[in-house]
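A, B, C and D label the chains in the order they appear, each numbered from 1.
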Amino acid sequence: MSVRTPDPNPGWLSEFALDETRGRVPILYVEAVPVRLDPHGQVEHLGVLLRGSSTTGELTRTIVSGRVLHGESVRDALLRNLEKDLGPSAFPQLPPSLVPVTVAEYFPFPGVAPLVDPRQHAVALVYVVPVSGECVPRQDALELTWLTPSEALDPEVLDDFEGGRGLLVKQALAHLGALA
Amino acid sequence: MSVRTPDPNPGWLSEFALDETRGRVPILYVEAVPVRLDPHGQVEHLGVLLRGSSTTGELTRTIVSGRVLHGESVRDALLRNLEKDLGPSAFPQLPPSLVPVTVAEYFPFPGVAPLVDPRQHAVALVYVVPVSGECVPRQDALELTWLTPSEALDPEVLDDFEGGRGLLVKQALAHLGALA
Amino acid sequence: MSVRTPDPNPGWLSEFALDETRGRVPILYVEAVPVRLDPHGQVEHLGVLLRGSSTTGELTRTIVSGRVLHGESVRDALLRNLEKDLGPSAFPQLPPSLVPVTVAEYFPFPGVAPLVDPRQHAVALVYVVPVSGECVPRQDALELTWLTPSEALDPEVLDDFEGGRGLLVKQALAHLGALA
Amino acid sequence: MSVRTPDPNPGWLSEFALDETRGRVPILYVEAVPVRLDPHGQVEHLGVLLRGSSTTGELTRTIVSGRVLHGESVRDALLRNLEKDLGPSAFPQLPPSLVPVTVAEYFPFPGVAPLVDPRQHAVALVYVVPVSGECVPRQDALELTWLTPSEALDPEVLDDFEGGRGLLVKQALAHLGALA
């Protein structure tokens, strides 16, 4: 079901309006850890995005992430952001329930909470999403890599995640029974 | 842990700024179904708020509900709204995990989705919160009533809930194993 | 991963040993509500098994259900029972997490709890399992029917479920956000 | 609600009958991580049991754990085992929902799965249980210690847990958002 409706205030916002809004209310995000499952439903690999900073050249890791737009359902936002980050040939299987694996709270100032987003106060619904097909990121992200749970749990790898999102990877793997 | 930080853009917004913001992004809410538990942890009663409309005089039912303010953590928002609706002598026991019972999506136009909020596109994290102590609503709400699960599941009662929230009551009771 | 190990006491038990065991400990089951999802992950249909009683000729409804055998993992038991009830051409996608939608407790005496199993005290881990492919039951069950959520929620349909399992169908649909 | 019923085969089993049963079916357990919460519902301390081996004198750590008896409800089993391990002056608040934090599978042979129980194939429903009052173990366990999340996550501490249960502690803390 699509719940997008004719909208006099479209989801798209000017940079100015978005900046202003970010100072007024927490911004709602959806985030997804893409996974490859074996036939028993156990996670084999996690999809991790490698993003290069245009200014510092530094490489950081992240997961699929994006805003829920005005008038957009959570499921539509998930699908749109999965397609943005994994490309049109990826086939994500959205979870049958909207109950997230965890709720992630990002604050703009470091030290307040484990997750940080310098742009804004954001709250993300975090999902684990099984994906089949070919994944070819078509935006910012330079590369998608598939890591085994134990590769992803390497402390050096976890530290490379933007904004402290290594924590979300650990929470997702705990939820999947794949910490050990 | 409080994660409130010095904030140049306080959570409080002028009516104008809030209206403008409501046209730009989905607004994040927390909602809570207050419950009384027996010693085995099984729900005995649900707290339901009766609110009188100042214009029509009509009585409607609702659950604890309120915005997450800019810079405010989800837990702070839950506690603040529970105190607003249940009064200072209520002792809510916030759930140890922030994973909600359900994620509720409200759209401004009826017929698009089961939940409706004419003011805005809102997304609510819905929790079940055990409460002890005395509950005395101190705002809008006229009265707090405690219903057994079977009283709350009466179709006439469910229909009285604002915005279709009777659905959330059913989802909460299903989660608690108290549908039958 | 299969965790079946060489087992001096195989999962298979003689009728006598099983009866004796049923009088000693609660028996662990897995149960599954098969679902067809749309591309957004929302449930379109539930798979319901129609079983004819060999003695009374009465038709009853049920969901996929079976014991976890000695030495068998929960995932292996789920796959085995899904194949038993849906046939070898069904492709169930086991959930990535073993956290069940609900824990169902069956007691042998009616009136004690909403779920009843005259044979035994049983505890079932209940999952929602997306299924693709063709489903052709190959055992007891006469027929598999696919019902929409609103068809499944018809009180007459719910009453036809064996042992009170209509309650589990309601709980599963509540979890999926498909009660309305 | 207690669902204990007059039972010709009482929950108590002779050692012989229990050994025989352990070779026939997986044995159902409940396990609980006792926690102290702050007023915001965030975990401050975890209760960990220190048990001394009567044969080797070695100290091991564990969590609250025990069988579900024949005819006993999951909630009754949780309360009984919490009282056994925390004493009669502890006031556990059972969770309002029976959905566990994780399902733990123990196999008798090491190397098959992360959790091991040399006595049997066991499946445990694992809960986080807020506890107030005084906790004084009255059985096997020598001592109850309260650890902060970061103390509990020390790899040396996690390694001391019986049967690999350090994994369950990590999963519980991930669920509580207290891994960092």
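FYI, a contact is a pair of C-beta atoms (placed from the backbone, for glycine too) under 8 Å apart; a residue touches a chain by one contact, two chains touch by 3 or more.
Everything numeric here is computed off the predicted structure, so don't read it as measured data.
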Give me the chains shared as neighbours by chain C and chain D. A, B
Count the residue numbers both chain B and chain C use at their shared interface, divide by all numbers used there, and answer same if that is over half, different if under half. same
Taking the mean of the C-alpha atoms as each chain's centre, how many Å separate chain B from chain D? 33
Chain A and chain B have mean C-alpha positions lying a whole-number Å distance apart equal to 27
Return the residues of chain D touching two or more other chains; collapse runs of consecutive numbers into ranges. 1, 98-99, 101-102, 175, 177
Draw the chains as dots and join the ones that touch; what shape do you get: line, ring, star, complete or other? complete
Listed in rising order, chain C residues that touch chain B in their complex are 102, 114, 164, 167, 170-171, 174-175, 177, 179-180
Chain C residues touching chain D - in the complex, by the definition given at the top: 1, 3, 5, 8-9, 13, 17-18, 21, 23-28, 67-74, 98-103, 105, 107-109, 112-113, 121, 123, 125
Seen from chain A, its contact residues with chain C in the complex are 1-2, 35, 37-43, 75-76, 79, 93-99, 101, 128, 130, 175-177
